[in-house]
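Both complexes below contain chain A, partnered by chain B and then by chain C.
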Partner chain A sequence: MTRLTLNDLHLRHPGAERAALDALSLEVADGEMLALLGPSGCGKTTALRVIAGLIAPDAGEVRFDGTSVLHLPPERREAVLVFQSGQLFAHMDVTANVGFGLRMQRRPKREIAMRVAEALEQVQLERLGHRRPHELSGGQRQRVALARALVLKPGLLLLDEPLSSLDAHLRGEMRALIGRLQRETGITTLVVTHDQEEAAVLGDRVALMLGGRIHQIGTGAALWNRPADLEVARFFGGCNFIPGRSSEGVFDCALGRLALPEAAPEGEGCLTLRPEAIEPGEGENAVTLRVIETRFEGLLTRITAEGSGLRLEALMRAGAARGATPGQDIRWRLPREALWVLPGV
Partner chain B sequence: MSTRARVALGLVLIVALIAPLLPLALWSVARGWFFPQILPANWTFAPWMQAFAPRSEIPGALVSTTLIALAASALALGLGIPAGRALGLYRFRGKVLVELALLAPVIVPGIAVGLGIHGVFLRLGLTNSALGVVLVHLVPTLPYVIFVMSGVFANYDAEAEAQARSLGARPLQVLWHVMLPAIAPGIVVAGLFAFLVSWSQYILTLTIGGGRVVTLPLLLYAQAGAGRNDQAGVLAMLSLAPGLVILALVARQLTGRGMAIGGTR
Partner chain C sequence: MIGRGHPWLSLAPALCVIAVLFGGGLVLGLAGSFGMGRGDAGLDAWIAVLSEGRVWRSLGLSLWIAFASTALSCVIGLGAALLLRRRFPGQGMARLLFQINLTIPHAVGALGILWLLSQSGFLARLSAGAGLIDGPAGFPALTQDRFAIGIIAHYVWKEVPFIGLILLANMQSLGDDPESAARSLGASPFGAMRLVLLPLLRPALIRAGAIVFAFSFGAWEVPVLLGQSAPTALPVLAWQRFTDPDLAARPEAMAIAMLIGLVSAVLIRAAFARRE
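Now for the complex of A and B:
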């Protein structure tokens, strides 16, 4: 398969104020599934189009297996892009859609028929070959689009928000299908999404893209719990930021001295911890706070509490949240493993 | 609108459209039809026989009208599809001006346009030739094609082309396998419009063709002017034919449903 390298890509759309790609560098290993995560407008779809060859960057390099492909038109690149909307050709039935790429290569009819049947089987649509796109459900359309790309056995598969047009109950199914097919085929895959959960489940690694460049790459858990900077923490729903100083495994701040996990960055900075990591009760790193507000959010309850002029937010399950009423003093434990320091913030 | 009202309106339309044509049709098969007779006293196919007699100009005019209309509509499509694509898909500076300029031939009288172009064509040696007539027929036909096609392209998703490229299609393959099938119904409608508009041109054909290029409308005016009602009737019927055929063929595309006229759905 193909190893993808993006090197210092720059791109500004004509008339746009901000750059869509700003020194974007990224490496996707051979056979890896990398989730490119970011809010809408962060440039992630633009990045996919640059890799696919549909837009040329202003500067920088796109390499497949170390060789620049910038001079190649999209049809001659080893990458296939699956559009967000699926983009099935309305005037062709499912079989013709899936066979489109092979027909463009002028493959023999028999080979096309065989490979199309195989691809339809992979996405469990063997029986729907004669249907037209408008006769398919959203999930089926997305699967046809996937089969149409897979049938070409590309070196690199680019998926643009493959689940965004699906209902919630279909997403899980499609997610599992994409994951399984990727493992089976071993095709290097770059999947773009704005959904953190989707990125964490789909990607071997997750790359968080903000404002046209990659802020952090790592496993989903690393991005959640060990954010590299304030923006990454904020993107993942971080809301607790405590200024102070980190040194020798402890953090001194208005709440007192808190024990830090190993390898936490040193120096002046901001302590962050995820709201759902906070636990009620005594123990290491326990602090006293006064409840200001509680808000019911379905499965979890969001509790805002204040102490020493600092505000903390916690997300707790109904059982743990019970008893927290505004105006009351409570004890919260900030588990050492859940703490992280953003240096220099 | 109630069904009955729709049927009534349909009937009114049919009467209003067809009634004026009836005398022409009757003239083409009448021998001696004088006031106050309501219908001709004698029926005959003589005018038709005469029209298609060996020395008649009509068969030749029929062929040249058809060829000129075909060539003009093909040329109008060739120019109008890319122009319609640009207008339908993209926003650019001065787009409104371009659209206005395209409407201009509809506003400016044909005779003025024809005389102006005549001067230019004279220098280019295009007058008195079928080629010149074909070219000048672009003046009224091209706007139709462009407006139909820009409407088609306004509803066209060019992302399908990007998808096709990424799936391995070369630009020409994209054109043939993705764009043309998607806009084919629009091409048919635009082409038929262009054909009919060219088919019924009189002033422009006369000014540029200089009487050397003889088409049906030219003969029709001549015969009507000469008081040959029987030949004018035949020519009128011939002129009507492609319009009726085309209407029957594409009624569905034009009106968005099966019936061309009338009420029942």
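Now for the complex of A and C:
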């Protein structure tokens, strides 16, 4: 298995205004599954292609186990990229597709047949070896693409949005399969996704990439509840930002004095809390607000309320939201553990 | 509304044109080859044509022209497309220059080949001027020659951009990802091209090659201008019989034309069947 280090990568595509990679640095530990999360166009796929050796960066380093691999062509990097669309070879059947890499390594035919059969068994497609890609469903095609990569036992597995072309049911299945195979094989894996839930479920850690650089790395929960800056908070759906000052475990703002969780940053800044963390009723950090608008969003209702010149949004289940009608005063509790300060914002 | 209703209904306008213009011509040609409309219908024209050595020699020459032109056009067109898909300074201009002779009519192109390659042409005079040969007459016969080099040169010159254009469009729709996937799985650049890109391009290459083959096998204006007088290419023979003052030769002209269509269809079908 391989430890991956990206060091200060820069890349600007010809004719592009913005850099695709802007001082991108990242470390993926040996055997770790890291989810590289970000919106479309933030440079995630470009980063994967640079790691795979399909694109050369303008500057920076890509190291496998501390050794630079920038001079190595893709076929000698021991990093296999699984494309978003699977990219199965249409003129080959499933067996030939899965055995392609082994054939390139000039392995004996018997060994290829054995390892292909094992790989197909791993992805539960042992009976479909004779089929052509167009005879497979989307989920089956992705599993073949995964088997084609895993059969090579690469040092580094790069998955580019492996679930994006699948429907909700298949996504769950495939997510579980990827997780199980990664645990079983221990292959260092970098999985790119734009889906926050997918990143949180798949990755041991999540790296959030915005505008070609990493903004924050940590567990899914940390990124979700303890964003490093305003952009991270906004990416994760944060919409409540209250200016004020943090000092000695409390935050002074227009809403009054609010108790903060332990280790909250100190100084001038912005208090943020997720809309679904707000609870109706009395208690610590309870504030009075006037309901401006309510909007039904399926399982949850979004309530916009205003107080002391500040506007807050809450997402509540139907029962909790029932009492909120525009123009009415309500009491909301801002739970201490859900609050976080973005210093200097 | 486009795309709605029964597919045959949507295809009907195009099918009508094909059925009337092409199907009608084919039926009339076939009827003419059996002497229909002349009072003495029968297989006489076919028997005469198939038992004539000149027809077989012409068929052999036409097959040589068509196979050689198609093979060379495919190989050179493929190579050119592979080069032109890469990004390089002046790529736009190179593509424009590559495609430009698609707009030149065949007859004009054939005259250009004549001016360039014949024994009184530009290359012959240039070679003589450079002292490479004693005089223009010493230049090898590349037009009106027994190997139909001038004809093949013309078809290759004209069809390479056609093949290249079809393959470039195909490669554009495939993108770089199939080759990138192969490289990531351990294939060298050449291996990725040979094992992945070329098989993916094969259907388009066969289709484009079939069009080139059908055209170079069945067209008569270029062999008339650049070919030798005996044996002539099969389409030239059909044209000569058709314009013969003796109207009794017309059924033979039709039979030769039908023979061209039949051989072409059988060979193209065989190429597609091999692919499947």
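Keep in mind that, in the parts below, the second predicted complex is superposed on the first by the 345 of 345 C-alpha atoms of A that agree within 3 Å, B and C clash if a C-alpha of one lies under 4 Å from a C-alpha of the other, contacts with A are read in each partner's own complex, and residues count from 1 in each chain.
One rule holds in what follows: contacts are C-beta pairs under 8 Å (C-beta built on N, C-alpha and C of every residue); 3 or more make two chains touch, one makes a residue touch a chain.
Values in this document were obtained by computation on a predicted structure and should not be read as measured data.
Steric overlap between chain B and chain C is present once the structures are superposed on chain A. By the document's definition of touching, neither partner reaches A:Phe241: not chain B, not chain C. When both complexes are overlaid on chain A, the residue A:Met104 reaches chain B and chain C alike.
In the superposition on chain A, contact of A:Ala79 is made with both chain B and chain C. Contact with both chain B and chain C is seen for A:Leu54 once the two complexes are overlaid on the shared chain. Contact with both chain B and chain C is seen for A:Ala90 once the two complexes are overlaid on the shared chain. Residues 49, 52-54, 73-75, 79-81, 83, 85, 87, 89-91, 100-101, 104-105, 148-149, 152 of chain A touch chain B in one complex and chain C in the other. Against chain B, in their complex, chain A makes its touches with residues 49, 52-54, 73-75, 79-81, 83, 85, 87, 89-91, 100-101, 103-105, 148-149, 152, 158.
Across the interface of their complex, chain A is touched by residues 157, 159-160, 162-170, 173, 177-178, 181-182 of chain B.
Only residues 87, 177-178, 180-189, 191, 195-196, 199-200, 202 of chain C touch chain A when the two sit together in their complex.
The touching residues of chain A, when paired with chain C in their complex, are 14, 49, 52-54, 73-75, 79-81, 83, 85, 87, 89-91, 100-101, 104-105, 148-149, 152.
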